[in-house]
């Protein structure tokens, strides 16, 4: 049973061990209940339907469980779908972790490159602040996704996104002398760490009560204030500036930034956060589309479709 | 020299001791520089022009100074204006405080009524939090205005606004059983305390750098988190709820709330903050208008004019 | 057969006498027609499905009928649903009235408290106008809902909403001297009476042709003008002011107010209409939610979810 | 003294009898008061400044007065301006009427053509309603402007605008069989009659208190309801439909229509009201511009500039 | 087999030759696939379902095919629907053209009236430009629809819409002397010709890649520039003006006009394009509605419902 | 007379040879006319006032003239201003060019680096298109500003902006494999070339009639279509894609893009156009501000102020 989701083919009848990454209940027009799942392993995800689920089993299966799913693989709307015939909960100890989707870079590579970048910070106050934050959050930081959907929604997605932004930050700091490289790098590292508090975990993340009522922006702004106070640097301008960068990085009020960017590094943080997220979103959408065709409308791109061109490089 | 601004009459030539509460420089069409001031004492404010200011004195006078102003009182656009002939800076020690506009209630009355209300909090966690905050901020709290213009823009204005809202909160908590009175009262007390950090002082307030880059909402949300941590109650639901109430009390993203009200007390806090501020704004506008006439357009009322009716009660 | 809807439990097979308060026709994916109903009695409402309705009976059942419904009570999406096996139209004379949902206060209490408030009007012109309107509309006034959904959607809902607003009006008139109590009370009483013309009836209300083409705001503004003319007070300022209050009480153009509030009483009328409606909406939503959980998104609250806290008072 | 404003030329010193159609007071940077007027006679208008007005005369001159103005005509920003040296109020009886700007068509022509159109109404209910309204408002109808600025802002402007719309209505009713000609013609005639109540008069119009608090749309909708009631046809569908057309003719909520067009005649009424007004606005703007040049930005055209082309027809 | 779709009646079992004008695949709640079609012939369209389609035939039927459909006609939601039992592809040569919906006017009438209008152009530059464009596009012009849905969505719809606008243009040019008739007529003719490039064909039109990436407005603006260059009149003001009219005719940025109307003829072009399209949309909606009833909400009319009145002309 | 504007100091009386880069006429409150200018040489610009201009000279001085200006340099609102006493038009032949503001890079450097980038294009169709366009527009391209105000508003500004974007394009094409480097580079080069048609010239640019009525986006899209047609590659996908990139590069409809980005290179083109323009705008604003202070509100940054921090790198 080493088969992976990405290996399945249309028409195949099989049994496969997967994580139930989401679960919802429906009812057919005839009044019969059924269950919908998203199956997940490290190779990707697949939608599944359990049409003739026994009444007694309706409440049995929950998101986050590891199961052996038996059934048929069928093509539906140009996408493979798994029609479940039987679903057995795996009793033995299995780590959900091993069913998480993998990103393009390993944790080791991410850690090495990000640490190299942070170690390069020369400003004393920023150095102390970033070191303290890194020490406290480093373990979760390399696990969490950057978002629950849309972009970088895999294990290590947050660190992958941060690394992409750090690369952009270094390039822009070199091109535009007006930018303070240390401040920009610090802001990039800190900007989304509140998601470690906003989300319930790295594998099957949901929003916490605190996350919904306060939001990751406000949660981490307060956290930085508290850590800075414990280091005795709360009143340094650098600390105010990175707090401002956290608060303003969504760029507009409508997306939950209570203040708008008022220093060049905050403006750039917002722009490269947006740029790296969009590149990841676009890549995912075009990978699933044929040359010469248009993608479905993409919510995160203001509901536009994208065209995948046929020209060669 | 005990004369007050509200005693001056059209055509009068006089000398009066006042605070310069704002100062700006202009230039006439002929190229001559002049100075514009707002004069202030505890009875109110009056616009002033210094037309033939000597070149040497152009940079002499700054907002926040106490001066003896000599000149003529004239009517301009139905409002009295002071045309300055001479301006002497008062060298002796005078407290700017004594030139601050007074509100309708004394500090003593405000303190007595607000403390009575806060003492009535039964919830243990809220009680401890509010006590600690009150202890730390009580002196500034009774001094600051609620806003630099628009509504409650006088010494003690913030406390006056809070008291008005506390009265409404008690009434509504009695009328709508769904509301938690202690939570609502706590939110009313805390909601605008960030203005003590956002503004530079009680008398001639301007925005601080921290105030502009972070905003009073985020400043005090972080402060409550820190104080709660020091009391060991940071993870209590009550603390999360009052932090949420602070963050959401502007009611919409466009006015700087990063999250919108998600508990009934947060919704009510927003509504009564709005209601009490509007009542004060309307009262000021109608007091300056004759019966049967319309006020000028009022920015804080979505640019509407108000009509002052002639009917008797 | 004295059982009420609120007494039914999951899994129960029963027969119950109810009003069909809405009816719509659907078709299953296999092409079979079915009927959806909302069942109603004075204790509340319940969704119902009639899956295997005989072809001949498809057009038989209409909203507004009293029926004996036989079938099973089942839980669907955490809510009870009635699966109809048989549906018998009640031939004997039954008053739809007796199946109407009841509000928290009886008509007697509503009448007594509202009349006490109106009798307190001292202004002569307002007194005469309100008396004439009350005389003409008093019977319907205590029957109609305040809205067909969202808030106060029960028999007597309009009067219940008006009473809630009158209580707020009295409190605010006491707190803010700028408000004319008689004018405010009159506006509260009149503001939504156009719904008696806009809706087809108190029990299973739908919108009339006049209601859709003219709207309750314009219908009743014209009615007040006509009644005032018949009293010879059409040109009194009081009449113009209450007509203005009716027109402006939705507060913004987008919700159908052709003019915006321009007197303090109109502004307050808009604010307390909003406040009381929101409190009722919130109460309904939280009553249907467990402590520590979030409600579904609520359209009338700008699509926000609400959190029901666990803290005790 | 038979000279007219349109006869004046740059550099001329003269005395001319005019109506003061607006008056405002300013103050120079040096603190000296001055008066600004718009002078008007039947040939048009001209801006005027009275720079060295004696202090004693500041409150003497008011809008609506007839005066003999003496002074110089000068070119300022490519427009002629009158610099007043002396201003004598005309004591003898002069009718303001004779100083009103004239439109392109005489009252006689307007009356003849509009009456011909109204007489053609065949629908009995509409016929009775229109006759009653026409009888009551016919004298003012041929005097009032259609707006105080923007379009058709001359004596008889309202009737001129209505006639332009009636011509369009007849053409469209002939081209689109779906339109009821009598209903459309009735709506065109009635749609703006509320301006007779909203404005203070035909010559130097200002907004009445009722006009500001209720608006011409609501004023006349109520008036039509009252007149229809007096004719015993209040409940006829035709009356509801013309009330709907009056209410909806601004086309969007933001411009004060409480309901939006829901019958084809209401939609067309809105479109041709807009079309005829825009044509008049554009004509005025282009008449004041040279070929090959752009007009200033025009508020009533969403702040666009227009280009006046050089091509010949 | 000469039967047409408009002749079918509820309950009828029949076979009919039709064009499949759209095709989509669904899946029932039980997991069974089915096909949805819109059937079309020159008399109109009808929705169809093929519930028990054999697995082998699922990919067989495509939009654009001519078929003989056998099955039952049933009433569903007050509309007739065709339940397909069998579907045979017509192998013999049949022109899709003969199944296209017909408009109210024949191609001959359209051509005669449009050519008469264009021949009347006196301006030399416009004459040459229009002649060249007409020569190149005349055959497609009389075939294409004006839109794929909403208004004038039949064969010849574009020419029908243009003729309706030309009639309005002539009337308005006669009523408003400010308008240049030749320029307006030219703009009307050219404004939507880009749809011949944007859509894939006249019968079962879809959007081309160029159409989606560039849009009909930009496609034809460039085409006019190229044709004008080939005539040596690229720099004539007339050519710039018609290019401007093409670009601006959607009237607002949101609908894809990169510039807004800046000459009177461009403003009028936008207004009559809108007017004629709305009249066609309204006519279609009211034709499908009973007197005294409201239509469903109409997307192209800002989601309003329309009322179909009962009054007689 | 080799003095430059940036050498002038407060209080200096001098004569200086400058270009009049803008000119407007005003009138003082006393009715006296005066002239306002912006003086310009290669070192920068300075505002100037000519208060007591002789009546006879009012129409003498026009934008674009080279003059010798005599007068006083004074500080006004923290900025130097030139008060003109005398203004002599330079009769001898002077090239306006030599008074143009200079950018940071010479034409030689710009040309060398941009040509290196373009030469690197491997795609045959793009290569031919870009070569043809470059050949036709290369001389103007290195002269024009990128905008008439806001960003890169100096001679060579357009090429400077394009070079900044090309550097970003190369970096991003290396970081995100999904991007086609040749397509992106081509789009960057072409995107704003329409400004060579939209603006009247490189030195004192104003908008042409064609520029206002058609816009640079539409002008150059048509130009690319025409050049591609002359090369016989009009129907190649590459040409459609760069036309799409030109049309969509403003990113939203409101700024005049008739279509929105639908390929990744178009999205990136929009993002880096925005990024480079913002960096230039921010740099200009912060250069004119002291450390620890806020800039005035900046229109091109959504009206935000920026803070210039005091921290050292």
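Every chain is named by a letter (A, B, C, D, E and F) in the order it is written, and numbering of its residues begins at 1.
One rule holds in what follows: a contact is a pair of C-beta atoms (placed from the backbone, for glycine too) under 8 Å apart; a residue touches a chain by one contact, two chains touch by 3 or more.
Everything numeric here is computed off the predicted structure, so don't read it as measured data.
The fewest steps needed to get from chain B to chain F, moving only between touching chains, is 1. Common neighbours of chain C and chain E under the contact rule above are A, D. Shared residue numbers account for over half of those found at the interface formed by chain A and chain B, and the copies are therefore classed as meeting with the same residues. Centre-to-centre separation of chain A and chain F, using mean CA positions: 40 Å.
Averaged C-alpha coordinates put the centre of chain B at 44 Å from the centre of chain D. Residue positions 27-30, 209, 212-213, 237, 241, 262-263, 294, 305, 307 of chain D each touch two or more of the other chains.
Screening every pair of chains for touch gives A-B, A-C, A-E, A-F, B-C, B-D, B-F, C-D, C-E, D-E, D-F, E-F.
On the chain C side of its complex with chain A, the touching residues are 26-30, 32, 34, 49, 51, 76-77, 83, 292, 294, 305, 307. Those residues of chain A that touch chain C in the complex are listed here as 25, 27-31, 209, 212-213. Taken in their complex, chain C has these residues touching chain D: 209-210, 212-215, 217-218, 221-222, 225-226, 229, 237, 240-241, 243-244, 247, 253-259, 262-263.
Looking at the complex, you find that chain B touches chain C at residues 122-123, 164, 167-168, 171-172, 175-176, 178, 180-183, 237-238, 241, 260-264, 267-268, 271, 274-275, 278-279, 282-283, 286, 294, 301-302, 304-307, 309-313.
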